[in-house]
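Pasting in a structure now, in structure tokens, and then I'll have a few things to ask.
Here the chain labels run A, B, C, D, E and F in written order, and each chain numbers its own residues starting at 1.
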Amino acid sequence: MKYGARNTIKAKVKSVKKGDVMALVKFDVIQADEMASVLTTESVEAMGLQPGDEIQLIIKAIHVLPVKA
Amino acid sequence: MKYGARNTIKAKVKSVKKGDVMALVKFDVIQADEMASVLTTESVEAMGLQPGDEIQLIIKAIHVLPVKA
Amino acid sequence: MKYGARNTIKAKVKSVKKGDVMALVKFDVIQADEMASVLTTESVEAMGLQPGDEIQLIIKAIHVLPVKA
Amino acid sequence: MKYGARNTIKAKVKSVKKGDVMALVKFDVIQADEMASVLTTESVEAMGLQPGDEIQLIIKAIHVLPVKA
Amino acid sequence: MKYGARNTIKAKVKSVKKGDVMALVKFDVIQADEMASVLTTESVEAMGLQPGDEIQLIIKAIHVLPVKA
Amino acid sequence: MKYGARNTIKAKVKSVKKGDVMALVKFDVIQADEMASVLTTESVEAMGLQPGDEIQLIIKAIHVLPVKA
């Protein structure tokens, strides 16, 4: 399968908490070598992002899509 | 700083490609131990997600927010 | 009303499940002729997307905004 | 493959427009019978959503993920 | 019109920058009294969020949907 | 801290409602002068967006990320 997304992380399910409508699933990361972000060129310039910069990548859990073979 | 998000990945900028409005930034992952996903309880049940399952996490680059100290 | 979004689907509410904070609403589709996706040009090339390709469009329920006249 | 998402639409690529960083892809819908939305229970009540209501579903193109077998 | 979203800000277009595929639009805020955020209960507890806390709300521009009457 | 996002709103927590998995937090806005939206150039043209237009900005609560110093 090919996905229209730049980030694929291999992971193993650690815990599942089922709520009435939404559920929270935790994973141990198996492999995550490279990540990609798309943002406005304005934001890149306001941050002064350059190769070598150490940063944090913040991702809301709601934007993470699990796929199971 | 405390963020209202469950996923924080430490990473280093590898490349920056600035377009006319949007930019694509690539990162080498320094540390990503645990990830979390929120989805409907229906989806969890349709997938039969259980601890130990190996899965892939797909994340569109647009949903990745870089933060720089 | 004009919306800053490329996808509009006409639909009828089939069921409503109200949870403590979030609710899940199901719809029967009345009309959905065309859809649009924005992704990185890199992803389009990695997928080799071309006119005529049959694909699946995956959309998390959280990204679907109901509007009622 | 099983996806942690409630909406799957079968579609055929109609056009591809590649920009410098982002691309816009248009699809003809082959099949889209049912859709689902997650929103706050507060929003459901403010809208007075009930079975039978005809509504529009608005989805930004950026939230549509193409998957190709 | 009723929207399945908790945040509505009245604003006036200040500038429009059209790129090849994506565009960046800036607005002057006319009215924004209240905002709402949905996050995991875990995140709320990790942040120790309580009434009276002063915080920042970060929103990627891609998640802002303009609607024109 | 510098964020890869165009919108920052200063606000004060008004109420916190914790559900089993997700929580809804309400804020009083302290300061929100300017907002930005990214959408397709096609959408901008379909809407005929021009400086001076009064519009509404709709944002699902799930896309609002609180950050606390």
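In the analysis below, contacts are C-beta pairs under 8 Å (C-beta built on N, C-alpha and C of every residue); 3 or more make two chains touch, one makes a residue touch a chain.
Just so you know, these numbers come straight off a predicted model, no measurement behind them.
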item: Over-half contact-pair match to A-C, picked out of the listed pairs E-F, D-E or C-E; value: D-E
item: Chain pair with more C-beta contacts, C-D versus B-C; value: C-D
item: Whole-Å gap between the CA centroids of chain A and chain F; value: 21
item: Where chain F touches two or more other chains at once, by residue number; value: 2-6, 18-24, 36-40, 42-44, 47-49, 58, 60-63, 65-69
item: Chain F partner contacts - residues on chain A that touch it in the complex; value: 17-24, 37, 39-40, 42-44, 46-49, 58, 60, 62
item: Touch list for chain E against partner chain F, complex; value: 3-16, 18-30, 32-41, 43-45, 47-69
item: Chain D-facing residues of chain F, complex; value: 24, 39-40, 42, 60-61
item: In the complex with chain B, residue positions of chain F that touch it; value: 1-5, 21-22, 38, 65-69
